[in-house]
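Chains: A, B and C, in written order; residue numbering restarts at 1 for each.
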Amino acid sequence: MALHGITRADMAAVNLPRRKAVNRLMEGLTWLAAIVGVALLVIIVWSVARRAWGALNLDLFTKDQVLFAIGPVHQGLRNAFVGSLVLVGLATAMALPVGILIAIYLTEYARPWIRSSVSLVLDVLNGIPAIVVAIFVFGLFVVGHGQSGYAGAFALACLMLPLVARSVMEVLLLVPSSLREASLGLGVPRWRTVLAIVLPQAMGGIITGAVLAIARIAGETAPLLFTSSIVGTQISWDASHALQSIPVAIFELSESPDPADHSRAWAGAFVLLMFILLLSLSARWLAARSRRRISTSR
Amino acid sequence: MPKTGIFIAAVVAALAVAGAATAKPSDTVIQGAGSTFVAPLVAQWVSPLGSAYGYSLQYSGIGSGGGVSAVTARTVDFGASDAPLTADQFSACKGCVQIPWALSATAVLYNLPGVKNLLHMDGPTLAKIFMGQITSWNDPAIKKLNKGVALPDTKIAIAHRSDNSGTTYNFTDYLSAVSPAWKSQLGKGVAVNWPVGTGGRGSSGVAAIVSQTPGAIGYADVAYSLANHLKFFAMKNRAGKFATPGLKGILGAASSDVKPDPKTNELSIVNPPTKFKLAYPISTYTYVIVPTSSPKAAELRKFLFWAVTKGQSYGPKLLFQPIPRPVLVVAEKTITKIKG
Amino acid sequence: MSAADFSTDVSAAPLGGRRIRLGDLLLQLVAGLAALASVVLVGLIVWKVIAGAWPSIDTFGLSFVWHIAWNPVLGHELYGAGSFLFGTAITSLLALALAAPLAIGIALYLTELSPRFLRGPVTALVETLAAIPSVVMGLWGILVLGPLLHDHVEPALHSALGFIPLFGEPSPSGSSIFTAVIVLAIMILPIVASITRELFLGVPRELREGALAMGTTRWEMIQGVVFPYARGGIAAALILGLGRAIGEAIAVTQVIGGGVFIHWSLFSTGDTLASKIAASYQGATTKIQVASLIYLGLILLVFSLLMNVAAQWIVRRVARRQGVGTNRGGLG
C-alpha cells in the first residue's frame, strides 16, 4: 500500500535508526510522566499518613478543640467532625432534591433550546470559583444576621448543584426510551412514569452522582470561610450558629506555630482524605455495577 | 428495590441531621470576633463563663479590623480591637461603645538559634530593619546595641501581618513615634504597605513564620512568644533602659495614661515619656466594641462585668496586666450603657 | 430524539385526546421552578458581585484592573488589582506549563503504552490526585513542600540560574510564588490528564492503525494522527485546567506569602486575585476596601466565565467537525 505515493519500503528506508531512537526517547518520557503522576499521589498520601500517625487516636474523635491551651491538654477535633457532618448533610438535603428536579425537567419536559440554555447556566455555575460563591453567600445571608451553619451549607449546596444536576441528567438519558414509551403507551400518566419507573431505573446512577458530589464538597474550605468560621470550640449540632468544620479547622491549624496543632491538622486531613477516597471508590464501584446491570438487561 | 431503599435511608439520615441541627441548645451563645492579640485571654474565659452563667462564648481571631467590620455589620455580638475606633468607624457602627478590657504588650520576636534571649534593640534600628534598610543580623547597628554578643551573618527574614491587625497598629504606632522616616513613608495603621517580608494571618501566623524560619523577626502579642518558646527583644525606652514585655514593663507603660478619653475611652501608652523608667514602649490596651442596643444586652453586660473584674485574674500567666483601677471604673460605667 | 418529544405523540394515542393531568402539571411546574431557580441563582451571584464591587468601580474605574497599588492606610487608601492580576497570571500560566506536558504524557501512556492490566489502576490513581482537597494540598505545601523547596531547591536554582531575574534570592520562608506554582501544577494535572486521555481514546482506530501499518514509529503516529485529531480538545483541556488554577484560593493563600508588590523573582512572595480575597476579606475594615476586594472577585469571575465559555466553544466546534455528538453537558 502507499500513502501519497510513498511505499512502506520508502518509509523504512528513511533514517530508521534515528527515528527509532527518537521513538524510544519519547516512550521513555511518557513512562516517566506516568511514574511522576503516580509518585505525586503516593508521596502526598504517604506524607499525610505518616505525619497523621501520632495524632490518630481516640481523643481525635472524642475531645473538642482547646485553643491556646497552657500546658499539655487532651484535645481533638470532635467539634469539627460533627460540624462537617451537619454542614454536608444540610448541603446535600438542599442540593440533591433540587438537582434531581432540574435533571427531570431538562430530560423529560424541556424543549431543546431551554435544555441547552439551562445546561449552559449550570456549566457557568460550575465554573464560578468557590471564593466568589463565598462572597455572594456572605452578602446574601451573613450581613446583618450573622454567620450560621445554614449559610455555610447553602454555599456548599451552590457548588453541589451543578454536579448533581449534570450527573442525574446523564443517567436519566441512559434510561432506554422504550421503557418510557411502554409505560405511556399503557396509559400511565407522564408524572408517574417519571417518578415510579424512570427514576428508580436511574437510581444507581443518581446515588453515584450524589456520592461523588458529597466527596467533592466535603473538603471545600472557601465557601465556609466567611459563612461558618466564627465558632466556639464546644461540640454543637445547632446550625443556626456557625459550626466548625474539618476543612476550616485544618486551614486554621496549618498556620499555627505549634507542632501539636500541626499533628492534629495532619490527622484531620488524613481522616478527610480517607473519607473522600472511600466515597469515590464506592461511587466507582456502584457505577461499574449499574453499568453491568444496564448492559445485561439490554 | 434495595437501592431505592438505601437512597431513601440516606436522604432520611440527611434530613435527620438537618432536624437535629435545628434543635436549640440550652446555653446562650455569645459570639465575638476580632483581635488575635486578646484571643489567648478570651480563650481562658470560655470555660469559667460557662460554669458561672451558662454562656457559650464563641470567639474567633480574625484580626482587629475584621472584628470592627463584623460588629458593625452585626454579624457578631461583640468585636475586639487593639486599634481604637476612628470617628468614621464609630459613626458606621451606629451606637457602639468602646471599652478597654485587657492590657498587654507587643513583643518583637526573633529566631536566632544559638543566640541568647532578650537581645537589646531600639526603635530607630527596628524601623530600619522593617523598612528593609538593615538586612543582616550582624549589621553594625545591631552589634552596637549588643556588645559582646556573637551575632551570625544570617539574613534577616521579616514576618508581618497580612490581615488588618490591631497589633500592626500598635507596632507601627510605636515605629512612627521613634522614626520620622517610618512616619512619613509608611505611617501607622491596621495595615501598611510593608516593603519587605512575608505576611502571616493572625498573630499565630506571624509566630509560625518566626518559629519556622531561622533569622526571622516578627511582632505579636507577648503571650504568643510564651506559648511557642520564641525569643524576644528588650526594647530601649525613652528613659534609656532596655525594658522587657513582662508585667512590670506593661504596668510601667500603663502608668503613663490612666485617663480614658471622655468620648471614646481610648488610651495611648506607646513610647511613654522619660519618667516611666520601667515602661516597655510597645504596650497597648485592647478594646471590646459593643452595640449599645443589642438583643443580648443583659448577657453582654454580665459577660463584660465578669471580664473586666474576675476575668483579669486569668491574665498574668499570659502576661496580661490586670487593668488599673481608674480605667476599670470607666469601663464599668460604660458597660452600664449597654441596654436592650 | 429526547424524552420530551414523546409527549405530543403518545398522549394523542389510545386514551383519546390530550388530558391535562394535575400530577403532570405539578411535576412540570415544580421541576421547571427548580430549573428556573438555578438560572436565577447564577444571575443573583453575578448581580450581587457587581453591586458589591460598585463603590470601588465608581471610585477607581476600569483602571483599577491594571493599577499596581494596595494601600490600606487610612487617609491614603488606594486600591488596584494590578499586582494580583500579575500574580494570578504568572502562577496559573507557569502551573499549566508544568502540568500540561506531564498530563499529556500520562494520557499518552494510558492510551498507547501501558499494559492493559495497568490501565485501570493508573487511571484511578491519577484521578485520585484530583480528589485531594485544596486545604490538604495547602497543608502539605506549608509543612512539607515549602521547607523542601526553601532548603534545597531554591538555593540550587539560584546558584545555577541566578543570572535570570526569575531565579532571584531564595525566599526567607517556604512561602513563595514558586511553591504556589508547584502546588497548583499538582492540582490541575489530573483534570488535564483525564480530559486528554478521553480525547486520545476517541481517536479512530483506523487512523492510528493505518499510520502504523505504513511503517511510522509510534511516536510519529502520535505526532501525525493523534495530536492533530485531538488538537482542539487538548486546547479546551488546557483552558479548563487554567480556569481551575486561577480560581484556586485556599491552597494558594496558604503557601504564597501574601506579598503586595510585583517582583520578577519566582522566589518572592506574592498574591493572586483569589488568594488575596481569601486572606483579606474577613478582616476588611472600610467600605471601600470591602468593595475593592469584591472588585477583585468580579475580575476573577469574568476571567473564569470567559475561560469556561472558551472551552465550551472549542469543544462544540471540535465535536461538530468530527461529527461526534457529545451528550455530556460539558467536559470534566
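The rule is simple: contacts are C-beta pairs under 8 Å (C-beta built on N, C-alpha and C of every residue); 3 or more make two chains touch, one makes a residue touch a chain.
Bear in mind the structure is a predicted one, so any value in this text is a computation, not a measurement.
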| item | value |
| --- | --- |
| Chain whose average C-alpha position is farthest from chain A's own | B |
| Top chain pair, ranked by how many C-beta pairs fall in contact | A-C |
| Centroid spacing, where centroids are CA-atom means, of chain A and chain C in whole angstrom | 15 |
| Distance between chain centroids, defined by C-alpha means - chain B, chain C (Å) | 38 |
| Sites on chain C at which at least two other chains make contact | 282 |
| In chain A, residues with contacts to at least two other chains | 229, 255 |
| Residues of chain B whose C-beta touches two or more other chains | 62, 70, 200-201, 212 |
| Residue ranges of chain A touching chain B (in the complex, touch as defined) | 66-68, 70, 85-86, 89-90, 92-93, 96, 142-147, 149, 200, 203-204, 206-207, 210, 229-234, 236-242, 255-258 |
| Chain C - residues contacting chain B, complex | 70-74, 76, 147, 171-175, 257-261, 269, 279-280, 282-287, 290 |
| Residues of chain A that touch chain C when the two form their complex | 1, 3, 6, 8, 11-12, 19-20, 22-23, 26-27, 29-34, 36-38, 40-42, 44-45, 47-48, 51, 98, 101-102, 104-112, 114-115, 117-136, 138-140, 158, 161-162, 165-166, 169-170, 172-173, 177, 180-181, 184-185, 187, 189-192, 194-195, 198, 215, 218-222, 225-226, 229, 247, 250-251, 254-255, 262, 265-266, 269, 272-273, 276-277, 280, 284 |
| Chain A partner contacts - residues on chain B that touch it in the complex | 1, 3-4, 6-7, 10-11, 13-15, 17-18, 20-25, 29, 31-33, 39-40, 43-44, 46, 56-60, 62, 70, 73-76, 200-202, 204-205, 207-208, 210-212, 223-224, 227-228, 230, 317-318 |
| Chain C residues within the chain A interface of the complex | 1-4, 6-7, 10-11, 13-15, 21, 23-24, 26-28, 30-35, 37-39, 41-42, 44-45, 48-49, 52, 101-106, 108-110, 112-114, 122, 124-126, 128-129, 131-140, 142-144, 186, 189, 193, 213-220, 222, 243, 246-250, 254, 274, 277-278, 281-282, 293-294, 297, 300-301, 304-305, 307-308, 312, 327-330 |
